[in-house]
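Chain lettering (A, B, C, D and E) follows the sequence in which the chains are written, and residue indices restart at 1 in each chain.
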Amino acid sequence: MSAVVEDKPNSLWRDAWRRLRRNKLAVAGLIIIAALVFVAAFGPWLTPYDFLSQDLDARNLAPSLAHPFGTDDLGRDVLSRLIYGARTAFLVAVIVTLVALLIGVVLGAIAGFYGGFFDKALMWVTDMTMSVPQLLLVVVINASLKQPITLWMEARYMETMNPIYRNSALIDFVLVFGSMALISWPPYARLVRAQVLSIRNRPYVTAARALGLTNRIILMRYVMPNAMGSLIVAVSAGLGTAMVLESAFSFLGIGVNPPTPSWGNMISDGLRVWTNYPHLLLAPAAVLAVVTVAFNFLGDGLNDALNPKGQK
Amino acid sequence: MTALLDIKSLTIDIARDNGPARVVDGIDLTVAEGESLGVVGESGCGKSLTMLSLMGLLPNKIKATGGSAHFAGRDLLRLSPKELRKVRGAEIGFIFQDPMTSLNPVMRIGDQIVEALVYQKAMAKPAAMQRAGELLELVGIPSPRDRLMAYPHELSGGMRQRVMIAIGLAGNPRLLIADEPTTALDVTIQAQIVDLVRELKDRLKMSVVWITHDLALIAGLADRIAVLYAGTVVEDAPVDVIFDRPSHPYTRGLLASLPTLAGKAMDRLPSIGGTPPEPGRRPPGCPFAPRCSLAMPACNDALPKLAPVPGSDPRHRVACFVTTEKGAA
Amino acid sequence: MFAYITRRLLLWIPSVLLVMLGVYALAFYGAGDPIKLIFLRAPGDVAYDPVKVEAIREQAGLNQPFLVQFGNYIWNLLHGNFGNSLTSGRSVWAMISAAAPISLMLGLLAMLVTAVVAIPLGMIAGMNQNTRLDYSILGTAVTLWAIPAYVAGPLLMVALLAILPKGSVPYGWGGVFSVKIILPLLVLSFQPIALIVRQTRAAVIEVMTEDFVRTARAKGVPEHIVALRHILRPVLTPVITQLGLIMITIVNGAIFVELVFGLPGLGRLTVSALTNSDFPVILAITLIGSFLVMASNLLVDLLYPLLDPRASDAKGGR
Amino acid sequence: QEGPVLKAINPAFSQDWSPLRGGGVPYRWNSVWNASAMYFNEKGEIQPYVLTEWTPSADFVTWTLKLNPDAKFADGSAITAADVKGSWELSAMPASQNQRIDQVLAGVAGYAAAKDGTATDISGIVANDDGTLTVTLSGPDPIFFQRLANHIAPIVKVSVARGADGNEVPDFFLAANGATSGPFMLESANLDTGELVWVPNPNFFGPKPALARIELTAIEDNVTATQMLASGEYQAHTELVTSTIVQDLGADFAGGAEIPTSQHFWFNTARAPMDDPKVREALILAVDRDGLIKASFPDGPHQKTDMVMNAVPGADDAAFVPYPFDPEKAKALLAESSYGGPDRLPKIMFVGISSPANEAAAQYIAEQWRQNLGISAVDMKPQQDQYAGPDQNAIQIFRDDVGTRVPDAASYLAGSIASSSGNATGKMAYKNDKVDALIAEALTKPADDPARISLAQEAQRLFRDDFCFIPWYKQTMSRWATANVSGMEKNLDWQIVAPWAINIA
Amino acid sequence: MNAPLITIKGLSKAFPIRLGAFGDKAAVVRALDDFTATIIEGETLSLVGESGCGKSTTGFCILNLQRPSGGSIVYKGQELAQLDDDAMRPFRRDLQIVFQDPYSTLNPRMTIGEALSEPILFHKLATKSELPARLSRLLADVGLSDRFASRYPHELSGGQRQRVAIARALACEPRFIVCDEAISALDVSVQAQILNLLLDLQDKYKLTYLFIAHDLAVVRHISDRVGVMYLGRLAELAPSSDLFANPLHPYTRALLSAVPEPDPKSSRQRQRLQGEVPSPLNPPSGCRFHTRCPLAREKCKAEVPALREITPGHQVACHAVTSATTTQWEPVSA
């Protein structure tokens, strides 16, 4: 804002960071997630093998030096697929969470801040959305909308020859995870609304109103920054949940399409053969579990760290 | 009078990220049988923690790290949790600051009083309920037997505080510790409560420790007053001595800066400059030295000990190099 | 209170209608032709015959405009007629009324198990915050959370098959008191338990700092009484709310659990209906599912004043 | 009754158990509790059952059929010609939703009206008396009798099964066992839990069954099912397709005769880029089909095939040239094609990828294309997506099986590549007049006429040169029963040939 | 006497609330009823009364931070009572507020510098380049050094925070400040500092204060005039010296006698009120004080006493008070 403030970073966050650093579990979680982000970003340069290339003479190999996690039923290196799958998992988690967050924050903030009719209507929609069994909704949306969208994409491709329309992963991400986001936003909306409702009546907001500031400024500069803490916690838990949800969809056969590896479809493939080749299940399931746990630890850690009351 | 409670060099530390911070720094206090002691001090100077440490009720991460607190011959700081529990309620009753939050919101107040009787006096429930009614009557709650069935939120603040007092009295304690019991109340109600405690104290022959930051409030109630500043006792004297001949510069400044109803309205109030130090950031010497107009170089080097004030009441003690040197002002 | 319940139920009607309309529209416009599905589903050289398809369609009233069909559907629904399954030809109502009680019992039991297991564990963890005990309980909970039902189920099933003597494998439904229910119940409760343990722990930590807990201790009340009487009650309020929300997790988990353990409940019906694009069944299940969730929310709301006498006096922004 | 109990697993939970549907999972159990007109044994030889004689007129248009005079329903009443006629009509009614009745009765005069629901009577079928029927066809069909030898339209007691409107009485098959004609009859059917029990039919007119009971339980999860079978908890399965089946349950479990059914990947020639024959050829030549079978069924039971028709007389055509594996040529072809190379190719979508083996095969093909042609835009739909319905033309490649219920090359092709077939219309948008003409002519030749086979072979060779499919495997009709179960052999109609002979060692 | 700055007539505020387990019973809290007073330019008008009696509500309504449900507020000839947020904005500069708890009134995510610059920039009271100078003058005004601009509220002591809160109100260059318990949360030794600061600023900038407090000694010290409120109504309004020397309303008298005195030997005649403050949800009929009033009579239950001027500038709302002499005050026996 002005020269006066720039010399010092936000020390509230610095305090939180300091508290977080002392929480061993949270730090472990953070390291795992950082590793995940790294792997997701640089996956293609890290994989020992091409995650797609098949070797029918080396099918279902047990873990060995050459293949630390063995190979799958088409002789593909499991480690390479896991690494590439991190990208999928991360993308899914981020897309779902971001979209859900966006919807949730906007609706929740409006409802909480303006109250009245908006609020009632939003709470009604939230309750309604939350009452629909999630898996069912996603499955139905998938089974019904995917085809028309695919067709539309293809028509676009034939018209424009723009390879973007040929990318089917796009449909999966937009549709599967879009619909996931569509059902994941209510908790965020509720959270933000509750936060805004409580913050809205804090004296510093009243003070800001007394200064004559506009609602938009108050919302953006006074209310939302202070709702951030609990949102961050919710988001970190949400990222983990989204990953698990993706794998559940893959189990039902509506997740990411093969041959693109996702931890979900690796798990569900592994489940089918796990009595014979347990490594095909254990590797992705363990990775997913570790990452979920990491997100949870981080979320809990952030929760403690961002809540000064717990650490007075 | 023999000392019922005798606190010596009590220190309390808070575990912080960057090592422990000392909140209470060698407090000495005594309370005689039947005496009422007023403990006065600013917010955060360690009044509540001192009292909580007696009952073993310090929050997590806060520990009494030194000194002793003898109550009727036993060092409370060294009792086992089981023995401490026998002391709580039965020998030392407690009234807390905020009656809004100190009562369990989901329990009927009758049950909350009965609890104290059942676990301390091993009373049967019906008898205890009977007694609870009597206690409510004692603290002046109209139609007490009906109120037993009420939830705290159904009572007004004053009534809630009376219930708290009833709970504090339930075990027939020899010592009642009242931690700012009226801060959250209105002036008219506050006056009612002060009167009530004074009357009960006389009637039940208890010792009372009354914690407050309001010097005026305590004037009509306490026999003796201890003034706390930043975790230490800076002055300790009978009540009229404190008001007549305050010795410590802090006590003096405090009294001077109080506007009164009686005196003439002034243009500007004399005030003490600066702010009290935060726990953990206290200077090595006298904690008041940075704000003290009389401070000498020696004040910054060592923490003054409580010492009798030359030429004043023998019970008048002050922790100030300047005063003890020069005598009472 | 009745006015309140009525208002809630009245609000529920438009939301359910909207949900149904959405699902119906998706089924209608997106999913392809259910009749053709019947023909193309079966393996083998089935000749797809447009004439026959049209005949069947007309007979089933599937050639009418969308809103007419939806209207008919709702009208039939109001008369207790949920239509017939496209796969089995059976009355959807009969299928649901056979399956729903099983899922309901399973779900309620899972809630019960969750409450009975998770609340004490969460209490213990919270009251021993940051001790080894706390960490191990929390760690277990988080791990349970990370093992989805569809992994835990098959793993346990196969493990049991290896251990148990022939003929004693817990497959299928044997009623609430049968040993067969133990394993599905366990798997179904994993995630809810994890959630509730953490929720309870957090609430306990919060309540422990409340002044009234200190008051209770100052009265000399023994520690276990403090836990049971002063901490548990206030903790229950947020936890019960969470329990209501957990119904969704249970409904989701039931899909996998019922499938793996052969329980003929709604979850299994769901999978079957989904694989067959059996929309009358899907619609009915959606209706029932959202009813279940709404009902459990309503129940929780009704429980609220019982748990927290303050709630019955003035209603703050929940 | 004393005797062994067969415990079997059904992979589907909610199903329609009417014997008249002509398809679906329950169909696989039809022969257990319903008799058919005739049936094929596991060697492909036709056997009498309810009908004992079938005599065509010289022009193969009129057929005289004779009933077994001993044939009885489970209630002891005799099976009459009217029951046979009524059962067939019932199966033809649209309300019955019989999926394959066309294959049986399509050639019968008056069938079309019944199929449309405009008539309840098929005029071409006449019950002369209790013991004989005359069937008039709308054209010559030398193998009409073979078309009757299956359980697509089993014989049920019409007075029980058919209502006044000519349609099926709902749940008639559950209500009383009166309509049952097979070796077993339902003892109980709990459709809510997916459990069925059959016990021997005391009035069965064939050999006395060896089993005391058959218990069928729904277990959808293949892993659980496999373990249940491996642990001996259950002995048989309706249809279990896993890529590790041989490893898990032994060669015996999946062993069986070849049947005239084969699986292939069909190209939809109406869809870009499959509209360009060069692209199609390139896509075919770029796939190493030895690898394909290895990727999908490394241990069997199914075998690689090069052609459409399999396991019928004439399937071994020396003149048929299998598609070679020739990546270089494929690359060249793709470059020559109107798309000019891999980069401008629209996305290629697979459907019907509904089992692990299908998925493995599709992924293998995709990988071959990626490596040999540089094509990366390939997509496949796992289980849920049933790309059917009006938009099925959206898809480039369908994985599906084709085959026939009669051991006949011409019928095989008529149902898979003739332009009237569902496969050609719905999946390939395929029409080649020469192929159609050859098949049509073949269909008029008597079964034992060598021309019937050679015409079909020629049609298949012509079809090959249109480059419309990637041949995959010919199917083995598995027993899907553990080694200690005998008599579980099945025929090309997916039926247990002689349910009465099932026994457990 | 100076000219009136704000004229308030019949101001009232009712909060509709929901009661019952499921929020299905509607009720109304009559937080403020028929408040009439004139605030004179340059004066300090104090409001005292027990918790919940409507002091804050009055302050909030005057600033239109809570929309009044009735009555009028005239400032500079403009009716403020029903202005919406946008129309109100220009007046906000002139009319400011300082709250009780300084910590909670500062956005914990903003540095002091940011918090102070916000109103300055928003109301265009300075350009970006003038800002630093403006900030340091503002900080100096409240006795803080420039260093504080880059600090966060949690890094400050209570007294410093309250100085910042005052500075923020001053940033708009207001004419009128509502001080809602502005010193109650502070340490006794710091209260005097802030009180002095407020007085200094009033001198320097010719400010007008509405000073809300429950500490009567403080009120007496700072005020020109004092209003005593009970349960949403003004009971007495008088010049400070007048009120403390000669309280007329029985409630005022009780209030004054309840104030503890810092003198152990004080033997002041105490008049103890019995009973509790009734709920504003269901206020007593007639004079709201009659349930606790030693002078209550039949008329008090039925009729709301109007605020009457007894001596010049001394208004009281009590049926029992007829003249400025208190000798006639004999409790009527019930």
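Throughout what follows, a contact is a pair of C-beta atoms (placed from the backbone, for glycine too) under 8 Å apart; a residue touches a chain by one contact, two chains touch by 3 or more.
Just so you know, these numbers come straight off a predicted model, no measurement behind them.
Trainee: Provide the labels of all chains in contact with chain C and in contact with chain D.
Mentor: Joint contacts, listed by label: A.
Trainee: Measuring centre to centre, with centres taken as mean CA positions, what chain is farthest from chain B?
Mentor: Farthest from chain B by mean C-alpha position: D.
Trainee: Counting only C-beta pairs in contact, which pair of chains has the most of them?
Mentor: Result of the pairwise contact count: C-D comes out on top.
Trainee: Using mean CA coordinates as chain centres, what's the chain B-chain D distance in Å?
Mentor: Comparing mean C-alpha positions, chain D is 91 Å from chain B.
Trainee: Averaging over Cα atoms per chain, report the distance between chain B and chain E in Å.
Mentor: Roughly 31 Å separates the two chain centres.
Trainee: Any idea how many Å lie between the Cα centroids of chain D and chain E?
Mentor: About 89 Å, centre to centre.
Trainee: Quick one: chain B and chain C, Cα centre-to-centre, how many Å?
Mentor: 54
Trainee: Give me the residues of chain A that touch two or more other chains.
Mentor: Residues 139, 143, 147-148, 252, 271, 274-275 of chain A each touch two or more of the other chains.
Trainee: At least two other chains touched by the same residue of chain D: list those residues.
Mentor: 223, 227, 383-384, 386-387, 391
Trainee: For chain E, which residues are shared contacts with two or more other chains?
Mentor: Correct list: empty.
Trainee: Enumerate the contact residues on chain D facing chain A in the complex.
Mentor: Going by the criterion above, the answer is residues 222-223, 226-227, 242-244, 247-248, 272, 291, 294-295, 298, 343-344, 346-347, 349, 353, 356, 359-360, 362-364, 366-367, 370-371, 377-387, 391, 394.
Trainee: Which bits of chain B are touching chain C when the two form their complex?
Mentor: Interface residues on the chain B side: 52, 55, 57, 59-60, 81, 85-90, 93-94, 96-98, 101-107, 112, 115-116, 119-120, 151, 153-154, 164, 167, 170-171.
Trainee: Would you mind writing out the residues of chain E in touch with chain B in their complex?
Mentor: Chain E residues touching chain B: 50-51, 157-160, 187-193, 195-196, 199, 214, 216-218, 220-221, 240-241, 244, 254-266, 270, 272-273, 276-277.
Trainee: For the complex, give me every residue of chain B touching chain E.
Mentor: 42-43, 156-159, 185-192, 194-195, 213-217, 219-220, 239-240, 243, 250, 253-255, 257-262, 265-273, 275-276, 278
Trainee: Flag every residue of chain C that touches chain B in the complex, lowest number first.
Mentor: 129, 209-212, 214-223, 225, 229-230, 233-234, 307-310, 313
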